[in-house]
Amino acid sequence: MCSGYRCEFIMQEFLMCTAISFSTKDHYFGRNLDLEYSYQESVTITPRNYPFIFRKTENMNSHYAMIGMAYVVEDYPLYYDAVNEKGLGMAGLSFEGNACYYEEVPEKENVSPFEFIPYILGQCACVEDAEEVLLKINVMKEDFRSDLPLSPLHWMISDKEKSIVVETLSGGMRVYPNPTGVLTNNPPFRQQLFGLNNYMSLSKEMPVNSFSKNIPLKVYSKGMGAIGLPGDLSSVSRFVRAVFAKENSVCGKGEMESVGQFFHILGAVEQQKGLVHIVREKENTWGSNDVSLGENEDYEITIYSSCCNSEKGIYYYKTYDNSQITAVDMYKENLDGQHVVSYPLLTGQQVKWQNR
Amino acid sequence: MCSGYRCEFIMQEFLMCTAISFSTKDHYFGRNLDLEYSYQESVTITPRNYPFIFRKTENMNSHYAMIGMAYVVEDYPLYYDAVNEKGLGMAGLSFEGNACYYEEVPEKENVSPFEFIPYILGQCACVEDAEEVLLKINVMKEDFRSDLPLSPLHWMISDKEKSIVVETLSGGMRVYPNPTGVLTNNPPFRQQLFGLNNYMSLSKEMPVNSFSKNIPLKVYSKGMGAIGLPGDLSSVSRFVRAVFAKENSVCGKGEMESVGQFFHILGAVEQQKGLVHIVREKENTWGSNDVSLGENEDYEITIYSSCCNSEKGIYYYKTYDNSQITAVDMYKENLDGQHVVSYPLLTGQQVKWQNR
Amino acid sequence: MCSGYRCEFIMQEFLMCTAISFSTKDHYFGRNLDLEYSYQESVTITPRNYPFIFRKTENMNSHYAMIGMAYVVEDYPLYYDAVNEKGLGMAGLSFEGNACYYEEVPEKENVSPFEFIPYILGQCACVEDAEEVLLKINVMKEDFRSDLPLSPLHWMISDKEKSIVVETLSGGMRVYPNPTGVLTNNPPFRQQLFGLNNYMSLSKEMPVNSFSKNIPLKVYSKGMGAIGLPGDLSSVSRFVRAVFAKENSVCGKGEMESVGQFFHILGAVEQQKGLVHIVREKENTWGSNDVSLGENEDYEITIYSSCCNSEKGIYYYKTYDNSQITAVDMYKENLDGQHVVSYPLLTGQQVKWQNR
Amino acid sequence: MCSGYRCEFIMQEFLMCTAISFSTKDHYFGRNLDLEYSYQESVTITPRNYPFIFRKTENMNSHYAMIGMAYVVEDYPLYYDAVNEKGLGMAGLSFEGNACYYEEVPEKENVSPFEFIPYILGQCACVEDAEEVLLKINVMKEDFRSDLPLSPLHWMISDKEKSIVVETLSGGMRVYPNPTGVLTNNPPFRQQLFGLNNYMSLSKEMPVNSFSKNIPLKVYSKGMGAIGLPGDLSSVSRFVRAVFAKENSVCGKGEMESVGQFFHILGAVEQQKGLVHIVREKENTWGSNDVSLGENEDYEITIYSSCCNSEKGIYYYKTYDNSQITAVDMYKENLDGQHVVSYPLLTGQQVKWQNR
């Protein structure tokens, strides 16, 4: 499928992720980004009057402000995930082998994958808005730069009420409602959703013996009601585990409780260094200068976990090496400005000493 | 088994835990304590000259200093886990239905479970020392107070080189070498260890098709080599998952990398609030004053995660609500003192703001 | 999907099955039919000159002879599975909730599901022939009789060299190559095939310890290399298990060895009475006279297992109550005749006594 | 353990099995014997006056008659499994690495493993009788012949009412009640029984969605209530699957229905040729003359399946190559005789032709 298209990608094919949309009193939207090494991503605010120059469709000189994680190149924010001032969130996740980007189509709005998040969040206030805009879009293959080829992605778009998934398959673009508010990677979303049926009987409750009424089986540990939940780090298993965690999650309505719980849910699908070994011949295609190659870059880890309060415009994050929550508040910036503002990630462990 | 013995326990029967011993350049020893609510545990340093008064065996007026998590009652540190100045660590973990405490035996050192950690860490510099001392011990049933009955426990004792597990079964006390350096709860340790055989073929590597040479199966996600790893929160599944995470863990030798990775490993078996529902009629037997009962106390959570650098005497911890690492340094205290020093847990979320 | 179409079906929605295509020296094609009770199916030979009267497409007065299992109504053989004299086999299996039959389309050959097997086997000598014919077919919704409504099916068509699956989905008919030579039921075949990727590392060989090089894990039983193989009777689990059994099967080339092994493979996915409980309010729509309702009819069982040597035209079968292999030889009949010949199933247990 | 004892065994260490005790109106006792090749076992009746010569304990010149599967050497029936005229059944199953046979003990009845079945069935009418006799027995290591060394076994003893398991562990002989009526191989029985707790929530019923109340999960196949049941052929997985099949089995009370269903239950744990590959350097120690080594002897198969009506003394069996049930009736022999009577297994496929 996607014949003739070079299979090299902005974020590389080895990127894995989990995105979550979650509501208590407010709405929270965030994700794990799982990769072997970090690009120079930063928490990036795009104010209303930063001009989005699009390749094949009309530019946006004025639009909703947004905050999210981005790799900023030539002043252009290549967003991995973001939330706009209306509370709409959107994240791109690796979809290798299934994502298909199309030739330009004259009667459509031709939007490249790297323009997709700005294009949607710039003009849509809610999922319904996005659904309408999506009808007019053709997701075309157009690299950001020849040395920054596209990566294969699918997307989750969420507001407080609902989530949708956008997939550009070989048969055309598909938009699905996402009752789980969770997205990982392969296989296509409908198949992921179908797979949950197999876990239907898992429960947060103690199991009851339905195996045999003659054998006195007993519960010997709490948590046995969820035996069968997969524990590995593949995309299917992370999907099932993240949905189970999110759907059974219990927490208070306060900001700190909600944010804390959000990170605990993401923690259930975190990638610990060493558990997924990457053996790879091919060169890194995204400019060796941008990448800090260390001795452990062959193991997938959760580079960062994010949780954005989509109503307050606060972007919280943790990194693999810094478990303290760091936060950036969109409304502390001039949202009517014209320049992208970026905060580099604080990645050093912040230890609080009680007796030093 | 254990006939005639009241089945009420200090830390209650619903306590679940995971303990880990882990070495990079230094040795680290810590655990998750999983419970529905917190007692007033604190990071507690017992200096060398604090007199340990034992019920049936000779008191210790001078002993190794130690640091760990304890509930301090009447100036007595009821340790959940601790490490002494020689680098020996010991933790007690729930062992409901299998732990058996014995009648007093005249020719033995009669040590109550609540005295067990001080008794061992007070005099043993390494696991070998502990093994010798264990030969003389009878773990007898003797409550700390009538309103603080014993809890059913088994123990892991670790130094940098090796770990052992101590279980007081109905057939007598057993001491096992623990090649995994991991302990959770039921069933007895030998059975847990045996169970790992079933997961032998799991791997951090990509799977290879051995199912059928005629069918072109493909890897569609990283992490598929560990499909089959259990993802629920029961004691058996946590054991398998923690061992897999620890054994495949990769990290640098530095203090921050090691401590960070230790918490990531514990994170793989963390209990997220809501996923394990506790339905319980029975009263809390451990003084209602000490317990803050909230509306969510029916869900098991990881109250705290700890990681003690057993060589430097630094006790790091996180709590469910505070993801920042907090630390207490034993050597900042007067270790020749006579008084127990306690640092209450910092449980409030510490958010670092980048633009406020 | 399939809106407006009555959801009642010839073989009822509760039918489950497994079909297999298998070659040693000869080619064998057969299936398990899993149901709660038996219709009056019989081994049925349709000779070359039996006139097939089709509803909307041209009749076939002369065609390939075929043998298979059929419910014969008004002299019309409603085949469940059959093989023709050229060695082409075809079987229909339940596909509830996904099968969609279409409105009549003028420019196509409009073939009803109940005509599909005769239509294909009557004129195609191999899978390639069938693929061509399929291009012209529209699978239309047309009941055999108002009291014998259609059942939702998908089909496997196999010759000695290859197998294909035909599915009439809401988006149109799909034809897939089937490298496994196995078909069960839901979900659609592509999804079933994809699911096999998750079992890639299962093996007939002893497992090797890739879990941890530090822990001396051991093989304590033969067969541990396939731990993770699902053992329940759902359609997905039967698919995985049947493919594993077929692909790893070893047997001699002789007729008896081959037929015996074929039944052993089908045995791996047999439905034992009692393991799948059917609770059902709705009436049986297929003529109560035809059905022997007993007290145990609420449990799914493997009514019959069949294995047809597609080159010799011999149809072997076993029934749930008769484990002896019974056989009917197509070439013992007059294949140039005009009349369908049926052999009722021998369902009584045939015990061979050695000393009576 | 068992130090100093040669690890060579009568039936070889690669033997795997499943034994079942099952009651409808009558009581049925039988097993699968899983091996790579067949010894010259035969259905063997030992009449009441055949003198059992024991090595270290008093001979039995008169005893209960018995029927079962045995390898008869020098007129001595080495029983794999048998049932006596009182309806007591006993079977030996491989227990490699755990079975320990002891030095002679003067004050005990010293019975070798190869004498164990005759010794028990010769004098015990029911399980209670056996329990009493077991109290006096020492299972000593004494080979039948130097070229026929002992195999490591454990045993199930069953009457219509109950079953027990006998294991000679390194710590001594253990006798356990067996509420499942099923025995396979490793690990020790108590551990096998404990393991069933993990499957507590499996069911013959349709699953109900307890995973998430917000996600509309659906049952897409019958049998999904037992998802999680293991499908491989290791001893643990066979145990779980056989117990699930037996405990949920439904069948009529008649002889043919009961016998048929018994074989269906055994069928759920049958070993299909090719699925378990044996790689082995060591020589066969049991006389090459007795063994027909073919080209496929490297794959474990279910050599025979047996089902003995323990009340009527009828021994039914099937072999891997002969799916017809063959039967031998103990009461057709002179049970007051002095000579062992053997019926060789009918191993050729018996096909019933309907039109030849």
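A, B, C and D label the chains in the order they appear, each numbered from 1.
Here is the rule we use: a contact is a pair of C-beta atoms (placed from the backbone, for glycine too) under 8 Å apart; a residue touches a chain by one contact, two chains touch by 3 or more.
Because the structure is a prediction, the values reported are computed rather than measured.
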Farthest chain relative to chain C (centres taken as mean CA coordinates): B
A-C compared against A-D, more contacting pairs: A-D
Chain centre separation in whole Å, for chain C relative to chain A (CA means): 43
Where chain C and chain D are represented by their mean Cα positions, the distance between them in whole Å: 34
Averaged-CA centre spacing for the pair chain D and chain A, given as whole angstrom: 55
Sequence positions of chain D contacting 2 or more other chains: 187, 194, 198, 202, 205, 220, 224-225, 227-228, 236, 244, 248
Partner chain C, residues of chain A touching it in the complex: 187, 191, 194, 198, 236
Chain B-facing residues of chain A, complex: 14, 16, 43, 97, 185-187, 202, 204-206, 220-238, 240-241, 244-245, 248-252, 256-257, 259-261, 263-265, 267-268, 270-279, 296, 299-300, 316, 318, 320-321, 323-329, 332-333, 343, 346, 348-356
Complex contacts: residues of chain D adjacent to chain A: 179-180, 194, 196-203, 205, 207-220, 224-225, 227-228, 243-244, 247-248
